[in-house]
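A, B, C and D are the chain letters, set down in written order, and residue numbers restart from 1 in every chain.
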Amino acid sequence: MMPQWTPYLVGLPLLGFLLSGLLGLLWPRYRRWEIGIGVLAVSVVALAFLLALGLFVGLPQEELPLRVVLYQWIASGDFAAPIAFRLDTLSLWMTLIVTGVGALIHLYSIGYMRGDAGYWRYFAYLNLFIAAMLLLVLADNLLLLFLGWEGVGLCSYLLIGHWYADREKAFAARKAFVVNRIGDFAFLIGLLWLFREVGSLDLGVVLDRAGAIESTALGAIGMLLFLGATGKSAQIPLYVWLPDAMAGPTPVSALIHAATMVTAGVYLLARLSPLYVLSPGVLGLIALIGALTALLAATMALVQTDIKKVLAYSTISQLGLMFLGAGVGAFSAAIFHVFTHAFSKALLFLGAGSVIHALEGEQDIRRMGGLSRHMPLTYCTFLLGALALAGLPPLAGFFSKDMMLTAALGSGHEVLWFLGLVSSLLTTLYMGRLLVLVFHGAPRAPAVSRAHEAPAVMRLPLVGLAVGAVAAGWIGWPDLLGHGAWNWIGRWLSDSTADLEHGLSLGLEALSIALSVTVAVGGLWMAFRLWGRAGLEADHMLQRRLGGLYALWQSGYRVEAIYERLFVRPLLQGSAAPLRWSERYIAGGLIGLASRSAFFIGSGIRRLQTGLLSLYALVMLIGALGLLAWFLWRSL
Amino acid sequence: MVPAGGYLLVSALLFSLGVMGVLLRRSAIVMFMCVEMMLNAVNLSLVAFSRLLGDPTGQVLVFFVMCVAAAEVSVGLALVIALFRNRESIDVDQIRLLRG
Amino acid sequence: MWLDTLALMPVLLLVVAGLLIIVLDSLDNDSPVLPWVALLGLLGALVLELNRLGGGGRFLFEGLLRVGGFSAYVNAVLLLGGIATVIFCRAYLPRIWHAHGEVYALVLFALVGMMVMAASYDLVLTFLGLETMSVALYVLTGLAREDVRANEAAMKYFLLGAFATGFVLYGLAFLYGTTGTTRLDLLPTRIPNTPLFWVGVGLLLVGFLFKIAAVPFHMWAPDAYQGAPTPIAGFMATASKAAAMSALLLLLGHGLGLVRPQWADVLAVVAALSMIVGNGAALMQGEVKRLLAYSGIAHVGYALVGIASASASGYAGALFYLLAYASAALGAFGVAALWEQRPDRQLPAEDLSGLGRRHPLLGALWVLFLLSLVGFPPLAGFMAKYAVFAAAVQAGKIWLVLIGVITSMISAYYYLRLCVLIWRPVEAHPLPSSGQLASGVLLLTSALLLWLGLWPSGVLELVGRFFEDSGLVLR
Amino acid sequence: MQVVLFGICALLAIVGAVGVITARNPVYSALFLVLNFFSLAGLYLSLEAQFLAVTQVIVYAGAIVVLFLFVIMLLNLRPEDLPRFRLDRTGPLVVLLSLGLLLGVGMGIWSLLGASFPQDPQAQAVGTVESLGRALFGRYLVGFEVVAVLLLVAMIGSVMLAKRRFQ
C-alpha cells in the first residue's frame, strides 16, 4: 500500500459529509431515503478503515514515520504550514481505532436513528466528525492538528444538540462548546508560544528542537497545551460538560464521548511526549490531575441513576487513569488503554442504547431490572464490556490498566498508584451496580416486559465490539509474562512515544498485578452481593449510612452548582454573596472571572450606549484627548 | 507684525469654542453651526501655515474645505428638515429610539 | 497627463455609470434598468482592477495617486462590496418603497470616494475622498426618510461624522504646518520632532478611527446601522471600513513608517479596546443588525492588531483580514436583508427562527458566514485572525494576542446563538422577495470564504508583496 | 495696520463664536455665525489671502448662512420651544474637556508662537488667484474633479432627503 493514499483517509469521510450534506440540503426527497444515506455514510468510513488496515499491513515498521504532503496550505513570509500528514506507529494506530470503532458505530446508528427527522443531518455530521478526528490524528503540523481539534469540537456540539428543539439539549450542546473553548483558548496560546520559541509548528521540527527551548517556557507551553487537553478530555477542572453531553443520541456518546474525541487529549500528550518528558513538573501535575479525576469521577458514577450518566462519569474516570499513565511517563500504556477502553466503553454505550431503544427512551436505571431475559444478546455483550472495563483478566481492560498502574508504581508515585487502585475498585463497584440494576432482579417498570432485542443492524456492532473487548488486550502482556517479548503494542508504539523507563522489580510487579486482580474480583463480588441481593435498597442503605457524603457525591460535589454560580448567574447575584474560599478554589477563579467580566463589560457598554448624541460626541472628545495626551507625552 | 502663533492661537480658541458648542447645545441646527465654526477655525490655521510656508497647498485645501462645507450643509439641512417633518422637533436629546 | 487619466479608468467608469444613471432616472423614473447599469460599471471597474492586481504600483499626476498593487487590491475589495450592495439593494429597496434610481448613483459615487482614498498619496486628496464617501453615506443612511429611525440614524451619523471631520482637518493642518507638505511620499523624509506634529497625528487619527468605528469612536455605528437600509448597513460595515483602513495603513505604514514606535502602542490599545468593547456589547445584543455592528467593531480591532504590529507581515495580515471580514459580513448582512420583513425594518434575533427550515441553503450559508466571523477553521476568518495574531506575536505584542484570542472565544457564544436559532422548528414566513441574483452573490462570497481558508497562500503572498520589511509601502 | 486688523477681527471672531453657542434664538446664532465668518475673511485679508477672503464671504456668509437661516425660517423654529442650553451635569465636564483640548493644542503651538511670516514678495504672492489657480488646476486637478462629484452627491442627496413627494 502506498503512503500516498493517506489523504484519502480524511478525504473519504469528508466526501461522505459533503454528499450527504449537499444532497440533503438541496434535495428534500433525499432526506427520506434512509438506506441511501446510511449506506453512503457507513461505506465511506468502512473504506477508510480498510485503507488504514492496508497501510498498517503494507508499511513496514522500519519505514515509519512517513510524511505525506498534500499541498502548501499557508506559505507567507517565514511561516509555512503545509497540509501534511504524518504516518507513524502512533497515528496509524489511532487511525485504526477511529475508523474501526467508527464504522461499527455508524452501522449501529442506521438502526438506532431510524425514522429520525434529522437522519441525513445526523449522518453528515457523523462523517464530518470522522474526517476531523482523522485530521487531528494524522496531522503533521500542529496548526492542522488544531483545525481537526476545533472540527471535532464543532461536530460534538452539533451532535449533542441534534435534538435542538429541546431547549435543555441545546443548552447542553452550548455548554460543551463553551467549556471546550476555554480549553481551546489555552491550547491556541500554547501553540502561538511554541511557534515563537521554535519558529515552526511542524511536528518533526517541534519535537527535534524541544530540547532547545528554555525550561520555564517549555513548562508553560506544556501547561497550556495540557489545559487544552483537559477541556477536550473532560478532566478537572473542565470535566463538567461531559455528563451533560449525554443529551445527544447514544451512538454519538459512544463514538465521540467515549471512544474517540475525548481521547484526543491523551493523544496530544502522547504525540508531544518528547516535549513533556523534558518538564517533569508538568508531568507530575498531569499525573496528579489524572488520578484525582479518576477517583472523583468514579465516586460520582457510583450514585448516578441515569444509565448514560453512569457511563459518562465512568468515561471521565477512565480518562483520568489515562492521564495518570501519561503523567508517569507511560505514554504507550495510556494509548493502549485508549484502545481497549474504546472497545469496552463503546460497547457499553451501544448496549445502553439498545436498552434505551427497547424501553422507548427510558434512561433511569431505577425503572429497569430483569432485562437479561428479554435481551440476552445485549446482556451478554454488556456483561463482557462491563467485566472488561472492570479489569477482570483476561479481558482487555485488565492489561492496559495494569500496564499504567505498574508504571505508576515503578516511577515512584506510590500515592497516585494507590489512588488508581482505589478508583479501579470503585470502577468494579459501579459497573457491578449498573449491571445488576439494569439486567438482574425483578423488573421495576411495566415497560421492561415489552422489551425486545434490537434489529440485526444494531446487534452486529455489539458482537464486533464484544470481540474487541475480550481480545484487544492480548497484544500487550505484562513484562512478568514473557519479559516484554509478548508486549507487542509497547514495542509498536514506543517508536513514536518517549516513554520513561521505570525499573520495577518483578516481585513488585507481581504484587501490583495480584492486587489489581484481587481488587477486580473482590469488587465485583462485593457489588453483586450488595446490589444483587438488595437491589435498589442497597442505594438507599448507602444513602442512610453515608448521609451527607452520599448527597455530596450525588450532586457531583456541587461543582456544577458552583460553576453555575460563577458562570451563569454572575450578574444576578453580583458580588453580594461572597463565595466560600473552598468553592472558589475548586472552581478555578480564572474561568469564572473571564466569563463574568465579559458579561459585566457587555452590560456596562449597553448602559453607556444611551442613544444620546451628545454623549457619543463626549466620548469621542475624551478619546481624542486621550490620543492627544499620548502623543504629546511621547514627543515631549 | 503679528507672529504666526497669534493666528494659530485664535484658531485653537475658535476650534475649542466650536467643540464646546457641539457638546453643549441640544438643537441639531446649532450643533451643526458649531461644526461649521470648527471647520472655519481650521481654515484659519491652514491659511496661516500656507502663508508661513509660502506654499499654496494650504490655501487650496481651504478652498476644498469650503466646498466640502457647502456639501455638508446642504445634506445636513436636508436631514434636519426630514427629521423635523417626522418629529416636529430638532432636539437631539429627544431622538433616542436607537440605543442599547 | 492623458495616460495618467486613462489609468484612472476604473474610477472614471464609476463616475460615468453614476451620471448615466442620473440621466436615465430623469427620463424614466426609478427604471429597473438602473441597477444593471450600476452593475455593468462595477464589473467593468472590477475587471480593470483585477487586471493590474499583480503588477507593482504606479504613480500618477506627479505622485498624487498610485494605482495598481495595493490600491488595486483594496479597490477590488471595495468593488466586491459595491456589487453585493447593488444586488442586495435591488432585492431589498422595493420592499421598503424606496427603489430610487439615485440610490445606485450614490453607491457608485461613494465608491469613487473610497477608491480615491485607497489610491491617494496626498492627504488633501484622501480628505476629499473621505468626504465624498461620507456625504453619500449620510444620505443613504437616511434613505427611508419617512421613518424616524432612519432620520435619527442619519442625523447621528452625520453630526458625529462632521464633528470627526473637524478633527481630521485640524490634524491635517498641523501635519501640513510642521512638515510643509501633505504628500505621503515626501512625509517620511520630513518628520520633525515637534509636539505640534504629533498633536496633528493624534487629531488625524481621530477621523480615521471614527470612520472605521474603532473604540472609543465607535458609538455611532450600531445606531446608524440599525436605522439604515440593511444592504447599506452592510456597505458601511465593509466597504467604508476597508477604504478608511487602507488610508490609515497608507498614512501610518508609509507616511509614518519610520517612526513606528511612536504610534504602534496607541494603536494596540485602540485595537484591544475595540475587541473587548465590540465583543462584550454584542454578547448582550438582541437585534441582528446592531449585533453585526458590534461584531464589526470587534473585527476592526482584529484588523488593527495587524497594523499595530507595525511590520510588513502585520500590514499584509490586516489587508487579508479586510477581505475575509468583508466577504463574511457582506454575506451576513445580505442574508439579514433578504430575510427582514417587518415594516419598521428591525430584525430581532427571534425573527430568524425557522429561516433554516424554510430555506435550508440560505440557512447553511448564514451559518458559514457566522462561523467565518467566529474564526473557525478552515474558513477565511480563521486564516485572517491567524495572520494578524502571528504578526503580533512576532512583534512581541503577546498581551494583545491574548486579548484577541480570549475575545474571539467569547464571540463564539453570540454567533453560535444566531446559528442555532435559525434551525428552530418554527413555521416561518417565505422570503419576502425573490432573490435569485442575491443568492448567487451569497454563494459567491461563501465560496470566497472557503477558498481563502483552504488556499490562502495566493492572496497572502499577494498582499505580502505590497510591503517591504522596512514597513514601508513601497512596491 | 496688520496688527490692528488682526486685533479687531480676532476679537470679533471670538465674540461671534461665543455668541453662536450662547444665543437662545437660532436666528441670532446664525447671525453671530455671519459675524464670525466675516471676521475670518478679515483675518485672511491680513494674511494676504485675498482670493480666499472673497470666497469666504461669498460661500460662507453668502450661501451657507443663508441656507441656515432659510431652514430656520422654513421650520419656523421659535426660541421658546427650542431645546435649552445644556449646563446641567455634563456641562462643566464639557467645558473642562474643551479647555483641555485648547491646552493640548496650545502646547503644540507653543514652539511656533514667535514664528514670523516671511516677507519676500514670492511668499506674499501665495494667496493670489494666479498662484492658487496653478496649484488647483495643476497638481490638484483630480481633487477638483472629486469635489465636483462630491457636490453632485450633495445635490442629489439633499433633493432625495428633503423633497416633498412621499409615497
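As a working rule, a residue touches a chain if its C-beta (ideal position, glycine included) is under 8 Å from a C-beta of that chain, and two chains touch if they have at least 3 such contacts.
Every value quoted in this text rests on a predicted model; they were computed, and no experiment measured them.
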C-D compared against A-B, more contacting pairs: C-D
Chain occupying the most central position, where position means C-alpha average: C
Length of the line joining the C-alpha centres of subunit C and subunit D, rounded to whole Å: 31
Distance between chain centroids, defined by C-alpha means - subunit A, subunit B (Å): 63
Separation of mean Cα positions, subunit D and subunit A [Å, integer]: 69
Distance from subunit C to subunit B - Cα centre to Cα centre, in angstrom: 26
Overlap residues in subunit D, where contacts from two or more other chains coincide: 86, 90, 94, 97-98, 101, 104-105, 107-109, 112, 140, 143, 147, 150, 153-154, 157-158, 160-161
For subunit C, residues that touch 2 or more chains besides their own: 124, 128, 131, 135, 138-139, 142, 145-146, 154-156, 159, 163, 170, 174, 177, 194-195, 197-199, 222-223, 285
Touching two or more other chains - residue numbers and ranges from subunit B: 15, 18-19, 22-23, 26, 32, 48, 52, 55, 57, 60, 64, 68, 71-72, 75, 79-80, 82, 92-93, 95-100
Chain contact topology (line, ring, star, complete or other): complete
Residues of subunit C defined as touching subunit D within the complex: 8, 15, 18, 22, 61-62, 64-65, 97, 100, 102, 105-106, 109-110, 112-113, 116, 122, 124-125, 128-129, 131-132, 135-136, 138-139, 142-143, 145-146, 154, 170, 174, 177, 194-200
Residue ranges of subunit B touching subunit A (in the complex, touch as defined): 19, 22-23, 26, 92-93, 95-100
For the subunit B and subunit C complex, residues of the former touching the latter: 15, 18-19, 22, 28, 31-32, 35, 38-39, 41-42, 45-46, 48-49, 52-53, 55, 57-58, 60-61, 64-65, 68, 71-72, 75-76, 79-80, 82-83, 85-87, 92, 95-100
Residue ranges of subunit C in contact with subunit A within the complex: 155-156, 159-160, 163-164, 167, 193-195, 197-199, 201-203, 205-206, 209-210, 215-217, 219-220, 222-223, 262-263, 266, 276-277, 279-285, 312-313, 316, 360-361, 364, 376-378, 382-383, 386-387, 389-390, 393-394, 398, 401-402, 405-406, 409-410, 412-413, 416-417, 420, 423-425, 454-457, 460-461, 464
Touch list for subunit A against partner subunit C, complex: 21, 25-26, 72-77, 79, 143, 146-147, 150-151, 154, 157, 161, 164-165, 170, 173-174, 177-178, 181-182, 184-185, 188-189, 192, 195-196, 594-595, 598-599, 601-606, 608-609, 611, 613, 615-617, 619-620, 622-624, 626-628, 630-632, 634-636
